[in-house]
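Two complexes, one shared chain (chain A), two partners (chain B, chain C).
The block that comes next holds the complex of A and B.
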């Protein structure tokens, strides 16, 4: 018998700790729900919050060092730490927005909490993945749980439709992803990112396998981040799912998708930039333009935000395109390549955080209103007079929407500024111009909601009562949106330092 | 002999897969799927993975398919009714292109490097239960555990969607 290698030494445990906290927390919440008879309303929600907070505390306390760990499965260090904080933060916000849901939609949904924790676990693994196996398993854990979260409101036809559509199309895209991974494995003879990078560097193996494989993988990731032309599911699923789940999907799932897209793009960049760069350029332009144009004509605020999230995926793709641009790949100008690459990648990270903050603030308000207002509660016209009756909610939504439109002094502006600056630095001025034109177009549909809220009024108060905890949380997010818009430097520097861990 | 077995198992697998898709009765489809699984086990055996081949027969062709058949019969899976419709000619390329693309890929690889590109010498003990266990509980331990979480999520989801509505415990 050959040597038996057990990968779990002390360092491994410390790397695993945040994942164990979230995963174990999911099991704990599930068992508590099943066996604790004295459970009162909202207790599961508090327990879930505690698990998320514990994972953050563990992240702060334990520093397992940098580099691939656990037999090369996961990448430990600032990169995964950054995303773990982001996912835990989004999880906390989602839990707060979802608290009391079984009162609102009249149904007890205890499975929501463990599923939320398992989704976050999948995302954490996906963002930290250093092996194709970890990528696939993280993605599937995340996706399976999201299908159920989206379709889980029983007796609600639109929610069921959303869940079913997401499941079928998601399964389809996972098949593409898996086939792509198989081809890449056939090319490199290994699933580990470092091993693949070594094979790519030597240029051995059949190029056609890695080209076709990476194209299929791009389809799989493109589906998750709602990239045109793989975006068809987005409006229906975002509209049909409950608003607190939509907010979660639009921020966390997208962030996880972009995390792995960045990793894979950087991995394949030396060999495949020539293929990915033109393809992704076209996709990025299409994604931005189509998302913004269709959002113009939406009357349902969730559908509008869904199309806007497609548009934002387009802006984020610009960052990935910049990473793959000829300016970064040029070996003659190493120093320039490094600065351009770093500024593009850190701009993407900054954008992801800013986008998560403003989108969660928007969905926090939309969630409160959509749970209180009956069938057509998400119609934008129902928001008339909101500023008079619900000033805090209206102001929060206004700040979030202005930030999404990219208007200073909010974080959305700074995020776009860093991103477009990186694009220009790489010499891709036309792309930056298209991006700016697109954000100008987007101002129209974001402002429309604000106009309805502040300049129109109706007689009847269509909303009875507002959950002040959710509104206060969304308000705090809006304050953060403003703060990061005014003082982005420190945070941007932090994002840049996270990027240095990745190879260029 | 090995080549003959490979083509035999491969043809059987393709036949099984095709019949699974085109059958109108769910039960007959499931039985054809067993056929395809057994053929796949043959391929695994040819690939020096006897353990996987045995598992394929035991777990897939055995346990899982029994469960499949049981569920289908319990739910009385309907024989698809309705008019027989031909697939639109416009869709033919969509069906034909993916397998053809794989064929071309593999074909070019063989044309470039000969079949040697696919046959690397195997380490001793490859594919044995010991070897599989070492990988499963060693390098792939984390993946192994993650799969269990993913399956748990699927179970929770199936229960959450399928079960009767629960009463609020505090009312």
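The block that comes next holds the complex of A and C.
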């Protein structure tokens, strides 16, 4: 086992700094809320935004180099930097979306901000983890805070149900994960990724342990990314949680889950690809297909987006499947294997970012309307005539949905292009065909919302006023969705270079 | 001006897009929106005239090429170019653009700004599709076309507009996503997305069949080839006039253009295997479309089904694999764009006045609206294929080309069957015309109909002029097309036609009509 005496020199501090900023920021926000009496409602959110911005500044300023740090616990470098930017960005958007709602609905929840920061801290640790312990620490920090966020609307039964459901099922999945880690530790005699990789490479140890252990871990991660058949919680939780939390969960939690799934898949790929590849293929196909088919019949936009997020998890899993495919493992064709693996992993990263952008844009608009119209506010039919009353909000949502459907020239198309390109490159044409058939099915339910917004009219204007900061933010995201759909190359190249920096 | 002429294709393509963005952001009032959109469309037409007069590509080469690295450091490029085939279809698009906007001047009163912006956006996407020489770029434009058309049908359409819009969207998507997978597969074989890289591939027969199937499905739905045509009547009938005109005039040609530019040259083995099937489907489409048109009580539906019939001719011409048939197919695309576009405009004119399209509601209109009746007559005859008007040239060349085809199984039988489509076309059109315009003015509601206004003449007369012009001087178009056709079809290596001298450079190339015209030899014994 790695010894945990941390050499707290300058490098280690610089690795820790972004985490300290977020974690310390969370504490600070909590204390300010408790002790500063003259606080106005908005002030905490400004403070939270400052913390996120500070973490971004720190990331830009401090370069601790590449590789495992802090006794091998965390992976420093472009990989973690990439995810930290993503999480901070999603955090900023979520803060903005949440703030606008608090101003109006009178249910001011100061505890939201520190919880958000702690969730992000957990995600950052999870994405950067280079040790099973760090994985568990990060995952639990993230999860515990998310349980409260999901159940956080006091007095709302559906929200409480969501939180409780998520907590119980999340507890189960954590137990599986922990058991899997224990078995893996039993196999390798170490919790450090590098050490595990070495043991895997030499082929020592009992294969049954690593196979069973990785299967249990896959369940744990599958739960977090809403992979079928571990997806049952998703619709209820996404529906019950406030829309800004749902948006956060659908993007950030999913991104964190895929970050660690990618790391573990890469770690185990040399030894366990034979087992993971067929299993994940089935799961990926099931996830896509079930997500899209059930989304077809949803009348509640949040449930629809929940199922659509399951479907998108399926597309993302295709990337992981490609990573584990025989083409990547083929030692006879090293060069091809390397490029296929690289393009699959970088496609997943690009997809995560693109998906986060378009999903946040969608949830930004849904969020604004969700808190305005009473019980059935999220019914798709309530969006009738939105394009007349709120043209910017409607256009933003339309762009986000078209992008989610994978129509050019939006980023959703480019994300799918990179992903399916990697899949085809690995020779998995049937999987690509299943993927495109799925995105075809998805077109129908995304269009349905646009139909209601643009082509139907109602007399009653139930949405009185729209919180313009949120709409403007969502609009800016939609503009980014368009921009990255036209000029994705620089960003994709950056994602590819992130992948190349990974140790394995 | 050189900053425009150096990037002329980018300008032609993106000027309408720029216009639509300005419409959404800057222009506020409806009447300003109309004038602004018209100005943009006219400017785009003027820009495209530069292409028309400067295009002299030797051997039908691409000209005005623009190529900038887009993705993967140059493996996928922003690559636009224009050859003769693109040229004529682009001219059709930019020519119809201002007319369509002018036609919607009074008809559209709701959300005028959005409507005009959608039309311009659509125009940009269509132009990009014709210019694109990179497969991914082509795909992006091809799919982007769906968005504005979807909104045009869905927002400004008729009663069942939502059904029609969604059907249109889903049908078209079904075809194109498989094409995307095929493109991706070929991309890794070719190492790049350039059309020339794809053409350089030497694929196995089995692979070609699959890929051809994926491509042809996308294009056949768009054309639409029988039995994939069911979205078309719905879309046409529900779309507002301008939408129908663009749909019939340009959008359907995307399918046949795609066949000619991509599916046929890329997969010779696929063409060889599928040409008999495609030609049979084309003939079925010709006859079926005409028969269904015959019994339509609704004028717009009649015109819509006549499109199915006419596009069947185009597909037949393309798969005859003779230069004559293919050139005829292109000419027919153009002629159909003019005549069917004009027919939809005319239907729109009467619909604006009477808010019905039932043929039985009319009768004796010639008394009240002589100008309208005259324009309708010319257009209808052009559509039927009366010699001297545009429709004749294309259909005749296609029939000749099919008759002399060495690759199809029963060329003479196919030709004969297709020719019955011409006859049926004359029947349904003339019968419809007779019921609408001749006889006594019986319906009281038609008593005080106004004849065409100045604006409506301004929309229709340019089309009528070109119907005549193309009818008597087809060489104007064929001169620019023929070399490109030869070049595009070169990979097919069709066995030399026994009557290659019938090729239009003698037959129909304007001004050199002293060569033996329309000599049809017996086709050689077919395989």
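Definition applied: the second predicted complex is superposed on the first by the 490 of 504 C-alpha atoms of A that agree within 3 Å, B and C clash if a C-alpha of one lies under 4 Å from a C-alpha of the other, contacts with A are read in each partner's own complex, and residues count from 1 in each chain.
The criterion applied here is as follows: a contact is a pair of C-beta atoms (placed from the backbone, for glycine too) under 8 Å apart; a residue touches a chain by one contact, two chains touch by 3 or more.
Please read these numbers as outputs of a predicted model, since none were measured by experiment.
Chemist: After the overlay on chain A, what do you see for chain B versus chain C, clash or fit?
Modeler: Superposition result for chain B and chain C: fit.
Chemist: After superposition on the shared chain, which partner residues are touched by A:208: those of chain B (first), chain C (second), both, or neither?
Modeler: A:208 contacts chain B only, not chain C.
Chemist: Going by the contact rule set out at the top, does A:489 touch chain B (first), chain C (second), both, or neither?
Modeler: second
Chemist: Looking at chain A, does chain C or chain B touch more of its residues?
Modeler: In the superposed model, B touches more residues of chain A.
Chemist: So in the superposed three-chain picture, is A:221 touching just chain B, just chain C, both, or none of them (first/second/both/neither)?
Modeler: neither
Chemist: Determine how wide the angle is at the CA centre of chain A between the CA centres of chain C and chain B, giving a multiple of 10 degrees.
Modeler: That angle rounds to 150 degrees.
Chemist: Would you sort A:445 into first (chain B), second (chain C), both or neither based on which partner it touches?
Modeler: neither
Chemist: Have a look at where A:413 lands relative to chain B and chain C in the superposition and call it first, second, both or neither.
Modeler: After superposition on chain A, A:413 lies in contact with chain C alone.
Chemist: For A:454, decide between first (touching chain B), second (touching chain C), both and neither.
Modeler: second
Chemist: Just to confirm the geometry: in the superposition, how small does the C-alpha gap between chain B and chain C get, in angstrom?
Modeler: 40
Chemist: Touching chain A in the complex: which residues of chain C?
Modeler: So the residues of chain C in touch with chain A come to 70-73, 136, 139-140, 143-144, 146-147, 150-151, 154-155, 161-162, 165-166, 169-170, 173-174, 177-178, 180-181, 184-185, 187-188.
Chemist: Within their complex, state which residues of chain A touch chain C.
Modeler: Against chain C, chain A makes touches at 402, 407-409, 413, 417, 420-421, 424-425, 429, 432-433, 436-437, 439-440, 443-444, 447, 451, 454-456, 488-489, 492-493.
Chemist: Using the touch definition up top, name the residues of chain B that touch chain A in the complex.
Modeler: 101, 105, 108-109, 112-113, 117, 120, 125, 130, 134, 137-143, 146-147, 149-150, 152-154, 156-157, 159-161, 165-170
Chemist: Taking the complex as given, what residues does chain A use to touch chain B?
Modeler: Per the touch definition, chain A meets chain B at residues 1-2, 4-8, 16, 23, 26, 30, 37, 39-41, 70-71, 73-74, 102, 107-111, 114-115, 118, 121-122, 125, 131, 133-134, 137-138, 140-141, 144-145, 147-148, 151-152, 154, 163, 183, 189, 206, 208-209, 212.
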